[in-house]
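All remarks here apply to the structure that follows.
Each chain gets a letter, A, B and C, in the order it is written, and its residues are counted from 1.
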Amino acid sequence: MDALLEMKGITKRFGGLTAVDQVDLIVKKGEILGLIGPNGAGKTTFFNILTGIYRPDQGNIQFNGTDITGFKPYQIANQGIFRTFQNIRLLKDYSVLDNIKLGLFRQTKAGAWSSIFGLRRSREEEKKVAEESWALLERLGLTDLANEAAGNLSYGNQRRVEIARALVSHPEMILLDEPAAGMNSEEVESLSALVRQIRQQGTTVILIEHNVGMVVELCDRLVVLDHGVKIADGDPNQVVANPAVIEAYIGGQEVTEVVGD
Amino acid sequence: MEGWINPYYLDIIVFLFINIILGLGLNLITGYAGQVSLGHAAFYGIGAYSTAIFSVKIGLNPWLSILLAVIITFLLSAILGLPSLRVREDFLAITTLGLGLIAQSFFKNAKITGGAYGIDGIPMPSIFGHELTDVEYLLLVFIVLLVLIYVLHRLSRSKLGQAWTAIQEDEVVAQSMGINTLYYKVLAFAIGGAFAGVAGALFAHKVSFISSDTFGFTLSATLLSMVVIGGLGTIRGTLFGVSVLYLLPEVFRIFDIKIIDPNYIDTYKMILYGLLMVIMMRYRPKGVFGRKIRHQKRAVKD
Amino acid sequence: MLAQQLLNGIALGFTYILIAVGLTMIYGVLKLLHFAHGVIYTVGAFSAMIGILYLNMNFIVAILFGMIIAGIAGVLVERLAYRPLRGTHPITTLISGVGIAIFVESLFQAIFTSDPRGFPATGMKVEPIHITSSISLTNSKLYIIIVGLVCLLLLYAFLKWTKMGVAIQAVSQDMRAASLMGVNVNQVVAVTFFIGSALAALAGAFVAYDFNSLFPTMGSIPGLKAFCVVVLGGLGSIPGTIIGGLILGIVESLSEGYLTGMVIDKDAIAFVILILILLLKPSGLFGKQVEKV
């Protein structure tokens, strides 16, 4: 299988603290990869490095054959890596539909002039964006909420809309930051189904998650971070049985939040 | 026609339209793209001085001067906007304010802008050798206003508008959706500044004499209050906010209402604006015509 | 000549410091750019004038009176214009602050007219003190330096050794944690506004006395320059603000002496510095590197 993403020796320091320390990671195309670890392990920092919010102090990131180390967040998105956020970040005062349309931003081209003069290309593009967004809402069963303010939705639906926004442009890879947080078991179930669907459409998935039961069942592979160091990488069932991982989780109870997470 | 319209009223309406154009540009920057600007008067001044310099000092045709002035304002707004855009939103207010003060100080001291004396004798544009009358100039300003309202409306629905919305609400999200936030912010400053450039050029040819006093902080702050009170991010809000707040003091002048000392109308006006800003932020932060969710229907497939 | 300019610059710097310290403390506690700080300076100067003119106070009492009135005004501004908006978008608070500034300034123009007026007779004449044959300083400027130094020392002692001072520092570090540990945040904010406003009033009153002139818009430029000082020194850092204030005062004073016929006014220099700092080192000269996001 092809490696879609290849990260080598990724290190990020904040002052004296090394949040991510010499992490190597290879993600294969079409994989569902779970990234777990105790609070403060550096998972979100890792996402922020991958999405260009932080620049790694050391290391190199190859995506789809392109060196994307040091790319700006918008350049990374344009390479086809989309993400959701741990604390849902929707445009709360805008409709669900407008939020989804935002996900298609990178695929539209009509600039200022053609919009001002209402040229055909820009009108066709507007139509296409609207239709694709509606189609996705339909698939997710959110059509009725299309014109609701995103901020008024239930927590679970906000998560779904955020995932939909990341998904609508059919990115190569999608990063989900604790998508199941605050969900009941039924919602987790439907979320897992959605993640499998995402993979079906050809998008590779990395997710950060605390719900170990869910990741073991859902992911092809698990990677464990502890204090910024990768301590395990492999088959989910084996990884969670790994004494080092168990130790990290138990020891991790006392570790207070330090970084990002 | 000139005979039966009080020229004073004509002037008020021309200046109202010019202020609305200014307000629309500021609303584009602050309301649509979320970048607070307390230096909008600088762009207005750049437009006014550019056309004055081209038409008076270089002797270009007024129409060409106006066109060049708008282009120059567009470019300078982009350049001046650049340093401001490196800072967080509340600091942007100070930086733009500082830029406004620097610009005004430049207008007052530089030789090219006529220093403290300003520039006089800015010609009225003419068509086929016929110099525009006051009524015709009013018509011209009105047409320009309509065009700019249309442009702003279209822009807000375009890819640019989408980018600005995202930037205003959450820059991190905007970036993670593939939006080059710096580019779109600079563009907002450039286009909003160009609106002010149009207003400034129209103003200069109307009054024929300009000096640095016009382009100060008071104007920037007044405009911001008008736009905010009307409602950020809506065209109706700017039309309403600027019209009501601009005309209110004029009403007192025109009808010669003696409740208050006429010499103090501008002071009372500012007291009211300031108070309204505070009250609005507390009770109706989205303004009189706050932006509402746009209801969209799914297109029926054929 | 140079020594003379430096001395004037230091005196000018102390007035900026007295205004800017309040801004920086308020920024520290609330992460808020207090746009109405300039009018508080004006309130201080006018209150002191009223104290002397109508309440028969002597100079020192009048200045204390101005500080108290301005302190109360500052607390009121926070109560009415900022506190109800806590937690909203920074732009909302900012516009509210600009609104207060416009309101108070215009109100003063309506009451006192826009024309400058002289500072009332204090029985203390402003006269030059000759340090050497060529270097002199007005006594009023000397008082500003001395009073400024005393105030900074008192402020230092207050922040370091009183319970309230420590609470202010705790809130500046982390408001949520401080409030969880039982600090009354609203009280801390009120005290911060009171102290900051009183110090600005002190500067306002002394400047009015020194220049023998006060007018309703006198606070707007110094208030804005204080922002430059705060940014220059690194936001929220009091030592940075002190150095930033001195730098601005000295640069302005030197520009007056050496650079004539500039394209911009002396008053615009602060903003040129501000923009350069924001471009080159946004965290200020002494600020900590702040992680965005």
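As a convention for this text, contacts are C-beta pairs under 8 Å (C-beta built on N, C-alpha and C of every residue); 3 or more make two chains touch, one makes a residue touch a chain.
Since this is a predicted model, take the numbers as computed values, not measurements.
Trainee: Of the chains shown, whose Cα mean is nearest the mean of all protein Cα atoms?
Mentor: B
Trainee: Using each chain's Cα centroid, which is most distant from the centroid of chain B?
Mentor: A
Trainee: By number of C-beta pairs in contact, which chain pair leads?
Mentor: B-C
Trainee: For chain A and chain C, what's the span in angstrom between their mean Cα positions?
Mentor: About 47 Å separates the centre of chain A from that of chain C.
Trainee: Find the geometric centre of each of chain B and chain C from their Cα atoms only, then give the gap between the two centres in Å, rounded to an integer.
Mentor: A distance of 31 Å separates the two centres.
Trainee: Need the CA-centroid distance for the pair chain A / chain B, whole Å please.
Mentor: About 41 Å, centre to centre.
Trainee: Identify all positions of chain A at which a residue touches two or more other chains, and write them in rising order.
Mentor: 53
Trainee: Quick check: what residues of chain B touch more than one other chain, meaning two or more?
Mentor: 172
Trainee: Any chance you could list the residues of chain C touching two or more other chains?
Mentor: Those would be 293.
Trainee: Under the touch definition given earlier, write down the residues of chain B that touch chain C in their complex.
Mentor: Checking each residue of chain B against chain C gives 30, 34, 36, 38, 83-84, 86-91, 93-95, 97-99, 101-102, 105-106, 108-110, 172, 217, 221, 224-225, 228, 264, 267-271, 273-278, 281-282, 285.
Trainee: Spell out the residues on chain B that touch chain A in their complex, using ranges where they run on.
Mentor: Touching chain A: residues 150-151, 154-155, 157-160, 162-163, 165-166, 169-170, 172-181, 187, 191, 291, 293-296, 298-299, 301 of chain B.
Trainee: With touch defined as at the start, can you tell me which chain C residues reach chain B in the complex?
Mentor: Listed in rising order, the residues are 32-33, 35, 80-81, 84-85, 88-96, 98-107, 109-110, 114, 220, 224, 227-228, 231, 262-265, 267-268, 270-272, 274-275, 278-279, 282, 292-293.
Trainee: Looking at the complex, which residues from chain A come into contact with chain B?
Mentor: 51-53, 72-74, 77-78, 82-83, 85, 89-95, 97-98, 101-103, 105-106, 108-112, 115-116, 118, 122, 126-127, 130-131, 134, 143, 146-149, 165
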